[in-house]
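Chains here go by letter, A, B, C and D, matching the order in which they are written, and residues are numbered from 1 within each.
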Amino acid sequence: MSSTLGVLFRISTWGESHGAGIGVVIDGCPPRVALRAEEINAELRRRRPGQSGLTTARKEDDCVEILSGVSEDGETLGTPIALLVRNTDARSSAYDEMQHTYRPSHADYTYDAKYGIRAWAGGGRASARETIGRVAAGAVAKAVLRVLCPQMDVLAWVEQVGDVRCEVSADRVTHEMVESNEVRTADDSTAARMRESIMSARNKGDSLGGTVRCVVRHVPAGLGDPVFDKLEATLAHAMLSIPACKGFEVGSGFGCSLLNGSAHNDAFYMEGDRVRTRTNNSGGIQGGITNGEDILLRLAFKPTATIMMEQETVTDAKQAATLCGKGRHDPCVLPRAVPIVEAMAWLVLVDHVLRQKALEH
Amino acid sequence: MSSTLGVLFRISTWGESHGAGIGVVIDGCPPRVALRAEEINAELRRRRPGQSGLTTARKEDDCVEILSGVSEDGETLGTPIALLVRNTDARSSAYDEMQHTYRPSHADYTYDAKYGIRAWAGGGRASARETIGRVAAGAVAKAVLRVLCPQMDVLAWVEQVGDVRCEVSADRVTHEMVESNEVRTADDSTAARMRESIMSARNKGDSLGGTVRCVVRHVPAGLGDPVFDKLEATLAHAMLSIPACKGFEVGSGFGCSLLNGSAHNDAFYMEGDRVRTRTNNSGGIQGGITNGEDILLRLAFKPTATIMMEQETVTDAKQAATLCGKGRHDPCVLPRAVPIVEAMAWLVLVDHVLRQKALEH
Amino acid sequence: MSSTLGVLFRISTWGESHGAGIGVVIDGCPPRVALRAEEINAELRRRRPGQSGLTTARKEDDCVEILSGVSEDGETLGTPIALLVRNTDARSSAYDEMQHTYRPSHADYTYDAKYGIRAWAGGGRASARETIGRVAAGAVAKAVLRVLCPQMDVLAWVEQVGDVRCEVSADRVTHEMVESNEVRTADDSTAARMRESIMSARNKGDSLGGTVRCVVRHVPAGLGDPVFDKLEATLAHAMLSIPACKGFEVGSGFGCSLLNGSAHNDAFYMEGDRVRTRTNNSGGIQGGITNGEDILLRLAFKPTATIMMEQETVTDAKQAATLCGKGRHDPCVLPRAVPIVEAMAWLVLVDHVLRQKALEH
Amino acid sequence: MSSTLGVLFRISTWGESHGAGIGVVIDGCPPRVALRAEEINAELRRRRPGQSGLTTARKEDDCVEILSGVSEDGETLGTPIALLVRNTDARSSAYDEMQHTYRPSHADYTYDAKYGIRAWAGGGRASARETIGRVAAGAVAKAVLRVLCPQMDVLAWVEQVGDVRCEVSADRVTHEMVESNEVRTADDSTAARMRESIMSARNKGDSLGGTVRCVVRHVPAGLGDPVFDKLEATLAHAMLSIPACKGFEVGSGFGCSLLNGSAHNDAFYMEGDRVRTRTNNSGGIQGGITNGEDILLRLAFKPTATIMMEQETVTDAKQAATLCGKGRHDPCVLPRAVPIVEAMAWLVLVDHVLRQKALEH
């Protein structure tokens, strides 16, 4: 369904960039889970514009109001949780020209093609502000999993920006390391080079893409619902729904084509009474179901479409035109993509944990 | 939902490799669409085992019985279409050892971890035979789109097997070219080299992975349902649910990270009264909605897990063990993955076409 | 799904009686439909507390804020429409006793049994305030159907309150007649007697139940999705989800058991080129699909559970207790049930109209 | 969704009366539940035509083939369970006239109006044979609940046929009593009078309607998902989807309108450590959630539409016509409705039990 995701832990997001606000309704959240606005706000701050010199200058506090579903004592009620973040710093005038002229590689033309109408200011529903609902709901999913699977953890970081690549092994990355630099990559020297690349692109009015890695640790074996809701399939669905995401890999990903089966297979062995694998080309998922090893994902994000350079395009009156971007935009979405990727992973996982609880007896 | 896919054109597949058969129920198919068993069988023959020296030797006719939903005159009734393919050549004895010993990188262990029981013979539900339901349903989806969008066409081919790569441009590939060689790649000389690689792996008891490209031509603009059912998100969901699929790209995919926005953006221009783009890094989808250009996908498939070489593993009694594969297996799934990829694309597209019809007024 | 209803036109409601407010997100609404807050407020005023001497004295303006999905020019965008109504006159002190003592026949005990926690103030999610989301969404559904099926109309009225019954034929009832009296029944003299019954019950601290009739006129033939989403099945689902609803009839309803088939069957005849039926025991639906005649429904609503009389009950500590209701409650829900029943009918119909549009070709 | 029902325990039925057969796919069934074909066949025999002199003379063995989802040892695998019953005694010639002439109050006209095509022989998908899929799936649901809620039991019986009414108290009815007479009512003398009424209607070529009562015993408190999937709402959905069902009551039903709140409310008291109610006007459900008392339902079924008497109607060429029924039909559906009502109740309950398991922690 269009703006609804999940089978048991279902989120419905709404909101346009320059409308009253952005929000999400979470239906199916288990009761008696401690939940404070501050937990949600902490994640929203990681996604917020204006958090560093690398991001758009739009100033938004992005503080959440919990409208329902949580008791006065800060516990979930089992009823729908409605979360609201008001828009406060929308400046629509920067979009005047884009009211009739389509930005190349943005959603302006396709929204018109689909709906015959569009909220042109700020990109409307196709703005990155839409992801506030995802991040807020992801914080709730995380709070639930802290109760149901206390060890489980999701960690994402920027692997690549343009041609600058972070080579730190997934096993060694920590939240502290990632949050210690404004690019959200996994070592300081790479962070500095990535920052330089991004600032250089910004100065030219241009933009950059890159990749994000995501690892989920301490996952119970048995999550995932073959054949269509295999865990990697629902993860891919969730990740490809993030604005600007162009590619998805689990485990060995595209690299799998260069290995023979004998090299690619993950040999099983016993570690105490736990079944383990010697390698993890499977990325923690076999036959669509977790095997208890870390889930390993990799995502590609394209360069921001809105650039401050003149480009060939057309108008909604079907006339040739040129357009030079205005408004406040991230020259590179990667640093802010990190909390969004984590949120989508939490959301997919909580849904599968609940589905598995239903099956067990 | 686990074995159900789609919102309006919904398929529910069922069946184990060594059970009575494999089937699918299609609910929500529009009425008055001509549909003959032969159309379905033609696609099943492309997926069938034993179709060439490259595939498993299991002998199955894989002829479909249409059990419901089609009139005596061969027109869909609008009621659920049930399709059945009987299993006839199951040889479970080859799986005796695997009853208790897990194949590395197969689903044996994870099915046990999830369900506490598994149909060990032939891989049960995790067998590639499961894809019969997908291909049969895909043929129905194609028949419907032949009526609703007569120009639309889906074409997939093998791009890479191991390190052998086909460099033919997507624009030039035809169904005839792909079906003219048993590897299903896009030129004869590459086909010969891929065939050689596969036979060489088979002779060693080993296996190979690779990539498939898929293009959808003559797509109307306006398909896709943001924000969660963006077209690429539902395509990724469908593709990652195919056994052995490890990666998904739309348009520029992971390559997008190496381009600046100014190079990556697809400039708009008018071709008569039609909005076109000069390049197609978007892969035909912008903001989750088709723009009328070709949809371009790329999928990674891992090497077959079951190999005829001794591997380290464990048993369901949690004892260390070694296992050497038996039974009849494809040394490389790529040639047979082609019709499956096409089927999944048809299924996703027909669902979005129906969803868009509901919105238009 | 719990707080989500519909397949294509999907609503997700949220909100507790004494929380921040009540709201609904509508996903799947067609674009380019004129929609003004005033249309929604007009329906909310019919549902509002304090609208007459017959209803609870809680004072709520119940004015809607449209948070998303509608353009500045007042047209739907095709994106999710979020609607918010703030709670302003919650007085939780009246509920102090009910924090631990269960009201007989209310949802206090069962919410504790299900969730292990409940928002005791004002009944929480089980309050009639929950229906604000339904009525607001129903107003949007009505606006959509005004465009897609301009002739279609939904009309409900109170047929019975206690033992006072309105005998006006369904064909003769009009919106004006129903809205002209505060009971919302179909003739003035019955209205007066019903009013008297309700006031008499209120004076005793007691409450009354009754029945509502609902007719849908000018329905196109062909709506409804056998076999599980037959139109009467989805209507029954929607109506039985209204608080206090205990019974549902379509057409002849329970009366059908007293007629032979020869008397019950609705003979077909031609009226010009339109197929009509001489009688309408089918209530406009045959085999789960509309035949173009009026849809005829009848609903039963129980007496309000919260009464100002001492009753035997138990506490959440599982101790025997007595309880005498406090707070502000309707002595009879029927007058305010009328706009809720209409809203649920509009919501079911718009979903089926969209589903049928998807099938037609 | 049209032929799919349930959120976690999902059934998809298919099949036309005179097609190859009737079937159902059950997706989401928990693993490791003992299931034998004989358990399903036992329920199908209760639904089968030709089981007594009161039913249609069509001769069908209605033996199920389990095509998937069950191990060789007779345990569910957690994968989709496909069930198939072949049609063997279809005689389409009796329907020749009905190919173009619509039976009054049957689905002939509405299927044409909706789909523009219909399987006229035997009523196609609108035949009572469609209910085989429901009864077979219901037997599986019952097997699952025998494991998850061993005490729970569903019991239905015929309360009324025409004007003959069974007055036995719900508490005293047993499966043995109901199955001991071919009408499936709750005492022998009423059974004899009902039988007489039915035979008398049959001899005139006419038909009769009636009511079924259904009680669910030993239900855990806490089942049901407000606000839209309240237990009574999903039960009403399921029951109204049964062919010929025209009315639904839970607990006091339409009778609730004649009681004041003080008489209607079910006082709570403690029975040991269990919360009980003195009366059960709530029918075991309060606020959409079970309270642990018996669930009490009442359903109305209309007289069979196909009668052997001449009736006014029209043809598909929109010409006036008369029609006298042919073929083999039940003069009264009530005796065979009993196992169908029970099946639908089991299906709804198992889905809610699984949903509740997902929420609990």
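Just so it is clear, a contact is a pair of C-beta atoms (placed from the backbone, for glycine too) under 8 Å apart; a residue touches a chain by one contact, two chains touch by 3 or more.
Everything numeric in this text was worked out from a predicted model, so none of it was measured.
Minimum number of contact steps separating chain A from chain C: 1.
The pair with more inter-chain C-beta contacts, choosing from B-D and A-D, is B-D.
A separation of 26 Å divides the Cα centre of chain C from that of chain D. Mean C-alpha position of chain A lies 46 Å from that of chain D. Rounded to whole angstrom, the centroid-to-centroid distance between chain B and chain D, based on C-alpha atoms, equals 39 Å.
Counting partners per residue, chain A has 1-4, 7, 13, 28, 31-32, 78-79, 114-115, 125, 226, 359 as the residues that reach two or more other chains.
Looking at the complex, you find that chain D touches chain B at residues 1-4, 10, 12-16, 19-23, 25, 27-28, 31-32, 65-69, 71, 75-82, 84, 114-119, 124-125.
On the chain B side of its complex with chain A, the touching residues are 1-5, 7, 13, 102, 104-107, 109-111, 113-115, 125-126, 130, 160-163, 201, 206-211, 221-230, 232-241, 243, 245-262, 264-270, 273, 275, 277-278, 281-283, 285-292, 300-305, 307, 309, 311-314, 318-320, 356, 359.
Of all residues in chain C, only 7-8, 28, 30-32, 78-79, 147-148, 226, 354-355, 357-361 touch chain B in the complex they form.
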